[in-house]
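Some structures are shown below for you to check.
Here come two complexes built around chain A, the first alongside chain B, the second alongside chain C.
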Partner chain A sequence: MSIQVSPTLPDVESEIRSELGLSGSAQKRQACLSRLLELAIASPSPASWLQSLRDRATAQVQSQSFPSNRNEGWRFTDLSDLLGIEFAAAANSSVQLADLAAYVLPEAEHSRLVFVDGVYAPHLSALSHLPATLQVGNLAALAEPDELLSYLAQQSGADELFTALNTAGLSDAAVIVLPKQLVVDPPIHLLFVATGGDPRSAQADQRPTLTQPRCLVVAGVNSALTLIEDYVTLGSGVCLTNAVTEIWLAENVQVNHTRVQRDSLAAFHIGKTAVSQARSSRYIGNALSFGAALSRHHLEIYQTGEQTETTLNGLTMIAGTQVGDLHSAIALTQPYGTTRQLQKCIVGDRAHAIFNGKVLVPRAAQLTDAGQLNRTLLLSPKARVDTKPQLEIVADNVKCTHGATVGQLEADEVFYLQSRGIDAASARRLLVYAFAYEIIDQIAIASLKQTLCQFITSHTD
Partner chain B sequence: MTASVTSLVNQPYKYGFVTDIESDTIPAGLSEDVIRLISAKKNEPDFMLEFRLKAYRQWLKMDEPTWAEVGYAKIDYQKIVYYSAPKQQKKLNSLDEVDPTLLETFEKLGIPLSEQKRLSNVAVDAIFDSVSVATTFREKLFEAGVIFCSISEAMREYPELIRKYLGSVVPVGDNFFAALNAAVFTDGSFVYIPKGVACPMELSTYFRINNGDSGQFERTLIVAEEGSSVSYLEGCTAPMFDTNQLHAAVVELVALDDADIKYSTVQNWYAGDANGKGGIYNFVTKRGLCQGVNSKISWTQVETGSAITWKYPSCVLVGDNSVGEFYSVALTNNMQQADTGTKMVHVGKNTRSTIISKGISAGKSENSYRGLVKIGPKADGARNYSQCDSMLIGDTAGANTFPYIQVQNNTARVEHEASTSKIGEDQLFFFRQRGISAEDAISMMISGFCKDVFSQLPMEFAVEADRLLALKLEGSVG
Partner chain C sequence: MISENSPIILSVNDLTANVDGTQILKGMNLEIKAGEIHAIMGPNGSGKSTFSKILAGHPAYEVTGGEVSFLGQNLLELEPEDRARSGVFLAFQYPLEIPGVSNLDFLRVAYNSRQKHQGLEELDAFDFDELVQQKLDVVKMDAAFLHRSVNEGFSGGEKKRNEILQMALLEPKLGILDETDSGLDIDALKIVADGVNQLSNPDNATLMITHYQRLLNYVVPDYVHVMANGRIIRSGTKDLALELEERGYDWVLDEAAAGVA
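== the complex of A and B ==
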């Protein structure tokens, strides 16, 4: 809406103008949300039992409004670039395995699930070397969906807008169900490919696409799993990925989870990882975010039993005009929990990193030991960071600490390396690499570690 | 811990008496007419009335903030008495003419207004309900060139200074409570330190709310000219009432080149009873502007009273090399709620700030630290260090930290640390083993916990603050 008003008009009219402007953008946001919801609902619903979930989520979306920077949670993450875009559903795409060669991991050569634009691609996947008792595949193919009903879209926080939007359009999902006692040796690689603007896409008009990948992991008592969740885009067109992953850890389960987001720089990425941890379970989550013009990752940990261990390592490395946002929430509602979180951001050019790390320790969570550290490296004068480590504590017999640092590379350190005969540029590259390596080193898959190291090296010039 | 930890908090509030004094009170309610009446009663220059009306009109358009971690029943702003003054309107020539009941009240509060009693080298401006009743040591200060008087006097006698600086740091429409204050403020202190003068003594203002229905809206303005320095302390108490009273104050500090302002607060408003009935709503806006190069503003606060505290003493570091400091101890007990912290806004080059915040929560109270460190794009070489520690006493109190860090300059260095802990049983055991009682041990540990902040207070007040904390916590630990 544009209204021409001369700047000399008295107060009253400028007020009216600002009010109109406000409601104008509010309308725009609402229109964008309803378009996205329409698109989501239009996706095929494979089974009737899913429909009630979808309907509930649809109602949840309808009861909310599209976030603006007036919402505390979205104050620094501006979604207004999304508003003008007419998203469409992705058409069938003819992606071949050769197109994905760069992303295939040798460690997971026979334990790979590939989803193209949110739809399972059996010809790209390989599931030969996995134990017979392990249920792994896509949602539509599973024989007994009933038992999934108590897990699918049941995590706390499922009513959050973008999560509900994903559920409203839920038609396929990667599903991994571990029976009790099963220890899966090979890492399972979930590769979510978005084909926004890809020439191989059958889509004639190259419209921006919306894809909503989904993943559900249910790990039974005493089981163990290594999981890699990998988001990539083919082509450089505009696309919006709205991903949701739910992971349920039963008693004594160990999950080692690595999430890599390396979308194209034209992409928008909104993702949710919700983890429930039962008694004595151990969750190690490595979240790496490199791509997308704008990315937002909600990382939520819910404790349902005592004595859990949670390790969260995060690396956001952005440059150009990228915006990278991590909102983590750790709800420690039971006694004897331990969490360690280390979130690092490397921000170059005019990029903008955001970190909001919430740790909740209510009265019941006695003897909790929670540590959180956020370290940000600003590489250029225009780089920007907004960080808020947030502790909410009621239990008294706890040990909770958090810290945050923001700075640039230490001149002394660069000088030291120079004094050893390393030129300034290489010294800086080396220091940035070392800063990032602390996180990358935590990844259990050697080939992925190597790929990411190469990525870091090639991006620190 | 043994049961005695739980029995150490409930020391009665000893300042809870009401002084029976005839006062000049206007009916409750707020309108433009009330504002005109206040302005007329105070004999203000015209520009002040305009200032007030402008603020009021902005206030009408604003909404009460809801983002703080505090909960309270909606305030009816039409039920508050906006002006209440001890009835003694004729001009006072000396302290001997002050109503003896009033003097007695301040004696009882431990504030000697009589200049003969030079117990401490501190000049006091005493404010009772809405007006300043006495300012001590004025002559001596005047000799040094320092102006220290109530703000209403300053409006009449130094209108050009007031006009220049009032509202320059906290604009009339800054926030809901600041706008309300700008519209209806009745008194407060004014301090002006001329160029190159180091204020010869500590300045202090003592606030007392007496009327059960009145709100207290005072406004303090301190201007430190080039190369001057001043240390200022405020204290506050109120009687015990079942109703909640609103205290919405504004403090503005301006430091020019090389000036140094140290502002300390010991806040002990009535906090309500153990069930949260009554108590003061302390919604205060405090902000200092380091306008000149090499200027320094240091805030020290010891917050022990008030049912609700909503207060963020801030520094805007505009001058190059300017320094902002914030030292805070916030103690909450029973049903008290505190949402307090600071804002350090770095604008100039090589600006430095330090934040040390200590929160102690006992009973069923909520204690939040909310802080902002903002480094602007031009603040090359800015440096911030923040440390927020919380101590929890009992498992029904809450401690939250909301530190916002916004950095837009890569040469800046920002560090933030926070921790939450309780009084360790092994520490307690160590003390007991050495023959020190549990209560003494706890009070020593708390005083050690707060040491970084208390050491910033002027000496007499540091001792007082230490004692105040011990009293407040009596019965809560053991």
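== the complex of A and C ==
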């Protein structure tokens, strides 16, 4: 067993600001945040009960400052490219189903919810093959939405800046509520489309857009669900997606969740996945990140009952000048919990991957078993990864392991394939594919698996 | 099988090579004709494995002098994949594991790249499956191995059998076996050797690189060469291998040193 306890650096920024007054860049950051908050608040609020949530979140945003790389959590992920951008709200777009042909999954042909720029698109969605007792749809259309008040924006960490920014502008959301005992057979596909700069967008001046998708899943005792959360962009304009997904697993629930981020290379993507697991529940999360100029994914697991199982598989594959950041935090708070995390990164050109994996094991979490591994494949000499396991262990009778490996394609491996008549470029493609496949293989949806395999092969040169 | 009139498959003349600036090969000479089975033996560090990798085109080694002619063409100017497609096959001492790529797909890609290179018909999955089923018998391999990832989780013996299966499919003109006997129990050794014997015919040639004489009981060589310090210092028949087994390498090294002096 090896343990590393990383010291948490104090937030030095507020101290510096008080000493020096607001510097130019600090002013720019505040201006950017104010602009984003203004946009969020301006979104329509369909119900009065939502307004109080929004107001509270607004206050949370106002009490924080826009992160710079002086914040420990943002040391390697530089948001300064966002500062100069004048974001606007997305206008209504006229996306048709044919535009989404590449993203439609046959397995979920009749169990798909589509949101375009954060707005529910009933004409693109299909919900005919789902059990009648399942509540699924958009928040604004639900009969008794206030029942969700104890779940919506109630996960720990809801006050984090970007999560609060999303809540401050919350006007609609994808909602899935499983009653107890319900096992949903078809996978449910949540497709979030951003149309930044797309010709189909009604946005005449093609200004960069802000969209804030939201998703809430509440799974009752003994229920089971397979969920695909899919982020795509149409067009290649600049857009910022700030997504939040909250998932609540009651006792003995099983959720198999695959999150795919395949935005355009002009996009910025900030996302939160917060999962709360009650006793004996099993959560399998596959998080795949391919797109966006800059992406940041906060993945937070809260084990709130005994004997919970968490499996996290992640793949970040980036190239060019992309930045791909995964910050995960797993809190084991009860005895007998297990977690398995495997995060793989494939980094080409001058791209930069970041992995920060926090695991918290407080005194109450005895007899828990936590394993974490980060493996990175660097495809170019200028490619970079910053990897940081962060285990904070107080309980004394636990098993915790972590590891990180960083490597390149081995000349011997390429040679082996060449010696069988396979040319060097194909050999490299095959080896990258093989590295990625361990994660792709965990996806429960065959068509998505195949699409992503093709994507990986076509993006390796 | 030695036949004076057989065409020359491989001809190595005064080959020298470096790795990381250190000279490993110091004037290799070797000629192999069709139908022949050769064995290169030698102590650890003699350069015999390096020699096999250089023939296959491993990029870590720098050829600094000499010539290698394969079926009349300059082998050294070919990329590794083109050497393979032209009929050079190296069975690895440590075959690579490739998770996520099925053995069947891998074999088909390799087979078709050679077919294409030689202007022959590429096989679709159906026809290839039929072909590979026939070849499985060569190494007594279960068809279940075809659907597993390449070498992943294979035992040492299974990996070596998989190498010979690849050789059976690619039908090389020159099969080079690098320490193929290492790490094999006697049953696996017999299966591998039996496979090699089945594949040997009057039109191709086999070069075995081995530290021990054991393999040579099952694949009987026409010629045995002893390599030391980057060159061949003695050549003979299979009796030489038996003598080495009995007396070790020192006497050959001593005699060679005396000869030079």
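Observations
Here is the rule we go by: the second predicted complex is superposed on the first by the 439 of 461 C-alpha atoms of A that agree within 3 Å, B and C clash if a C-alpha of one lies under 4 Å from a C-alpha of the other, contacts with A are read in each partner's own complex, and residues count from 1 in each chain.
The rule we apply is simple: a residue touches a chain if its C-beta (ideal position, glycine included) is under 8 Å from a C-beta of that chain, and two chains touch if they have at least 3 such contacts.
Note that the coordinates shown come from a computational prediction; the quantities given were computed from them, not determined experimentally.
Aligning the shared chain A places chain B and chain C next to each other free of steric conflict.
In the superposed model, A:Ile330 lies in contact with neither chain B nor chain C. Counting the residues of chain A that each partner touches, chain B and chain C differ, and the larger count belongs to B.
Shared-chain residue A:Asp396: touches chain B; no touch with chain C. In the superposed pair of complexes, A:Ala404 makes contact with chain B only, with no contact to chain C. Looking at the shared chain after the overlay, A:Val193 reaches neither chain B nor chain C.
In the superposition on chain A, contact of A:Leu165 is made with neither chain B nor chain C.
After overlaying the two complexes on the shared chain, residue contacts for A:Tyr416 are found with chain C alone; chain B is out of touch. When both complexes are overlaid on chain A, the residue A:Ala434 reaches chain C alone and has no touch with chain B. Minimum Cα separation between chain B and chain C in the superposed model: 13 Å.
Residues of chain A that lie in the contact sets of both chain B and chain C are absent, per the superposition on chain A. Of all residues in chain C, those touching chain A in their complex are 56-60, 79-81, 83-85, 89-90, 92, 95-96, 98-101, 106, 109-110, 113-114, 117, 149, 166, 170. On chain B, the positions that touch chain A within their shared complex are 67, 375, 377, 390, 392-422.
The residues of chain A lying in touch with chain B in their complex are 72, 363, 366, 376, 378-408.
Touching chain C in their complex are the following residues of chain A: 411-413, 415-424, 426-427, 430-431, 433-438, 440-441.
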